[in-house]
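Listed after this line are the structures, all set down as structure tokens.
Shared between the two complexes below is chain A, which pairs with chain B and chain C, respectively.
What follows is the complex of A and B.
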């Protein structure tokens, strides 16, 4: 179970591969569910040129670790990985990676979905968009996931 | 003998307020911490509160050494 909040750009697909090689036993897992969130270049009808992601150092990591533990208690998982960017991001930059490994697909699918929705609704991160036409604004809320 | 008070994101900018220390003897609850710093300014209805990095309510008690945080709805992911 790994949680990482990073100001450095990351390649989610590389992270999944590396994590799998380092933390999972070949032949033991039959299902890997992966969600990757990527920064769009539009929001609410406007073109977005960049975004700054703020977080609450300490609480954010603690919250992500808690939901990872909750998921491990609720589903039959072999491992989970959450990586989330902070700092300045540009369109097409990966924002978040949530991955779950299990023997069968049900647990990996359900746990990764649940982790993502918990992260979106309660993990202390805040987005501020910079618009192509100038100016910036805080994103007021997340879209519904279900 | 202090409470550490933190503000984040749009809430911090809108209120034009910075992180600060408050004498622990002056506030017994989160609501009182808010009041000591922001006076009559009503807390936004959708505001979130944490005490020692755990979600809490405005009526939660605060003690010496606690960290109290006020922030807007979260928008990560």
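What follows is the complex of A and C.
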């Protein structure tokens, strides 16, 4: 179980491969569910040129670790990985990676979905959007996930 | 001294992101802390509305009636600021 909050841009697909090679035993896992959130260039009818993500150092990591432990208690998982960006992001930058490994697909699917929804609803991150037409705004409320 | 942190849109609205504070004798809970801070002026009164805030004490989400002391780190977070 790894949780990382980083101000450095990351390649989610590379992270999944690396994590899998370093932390999972080949042949033991039959399912890997991966969610990658990417910054859109639009929101609420406006063009977005960049976004700044802030977090509460120490608290955010602790919260992500807690939901990872909760997921491990609730589903039959082999491992989980959460990587989340902070700082200034631009459209098409990966924001978040959630991955779950299990023997069978049900656990990995359900756990990764649950982790992502928990992360979106309560994890202490805040975002300020910079609009293409100028100006900034704090973004209130989550987008409808589904 | 308690440490009070302000997150989300709060620093823009009240002009600071953190402060060290000796809690007044009238302040024993986060609800009382908010009441005390709101007396600092209009911007504080508007920004620190109970219903628009999430509170953490020592990095744990807690309700408004949780007791606090000068040893605590209290974070006031604009509710609903998600992604």
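Heads up, the rule we're going with is that the second predicted complex is superposed on the first by the 145 of 146 C-alpha atoms of A that agree within 3 Å, B and C clash if a C-alpha of one lies under 4 Å from a C-alpha of the other, contacts with A are read in each partner's own complex, and residues count from 1 in each chain.
Heads up, the rule we're going with is that contacts are C-beta pairs under 8 Å (C-beta built on N, C-alpha and C of every residue); 3 or more make two chains touch, one makes a residue touch a chain.
Only a predicted model underlies this, so the values are computations on that prediction, with no experimental measurement involved.
Student: Considering only touches as defined above, state whether A:116 meets chain B (first), chain C (second), both or neither.
Tutor: first
Student: So in the superposed three-chain picture, is A:59 touching just chain B, just chain C, both, or none of them (first/second/both/neither)?
Tutor: A:59 contacts both chain B and chain C.
Student: In the superposed arrangement, does A:135 touch chain B (first), chain C (second), both or neither?
Tutor: Neither partner.
Student: Residues on chain A in contact with chain B in one complex and with chain C in the other?
Tutor: On chain A, the residues that contact chain B in one structure and chain C in the other are 37, 53-54, 56, 58-59, 62, 95, 120-122, 124-127, 138-142.
Student: Tell me, which parts of chain B touch chain A in their complex?
Tutor: 6, 8-10, 13, 48, 50, 53-55, 69, 71-77
Student: Can you list the residues on chain C that touch chain A in the complex?
Tutor: Touch residues, chain C against chain A: 5, 7-9, 12, 56, 59, 61, 75, 77-78, 80-83.
Student: Mind pulling up the chain A residues that touch chain B in the complex?
Tutor: 37, 53-56, 58-59, 62-63, 84, 95-96, 116, 119-128, 138-142
Student: In the complex, go through chain A and note every residue touching chain C.
Tutor: These residues of chain A touch chain C: 37, 53-54, 56, 58-59, 62, 95, 120-122, 124-127, 138-143.
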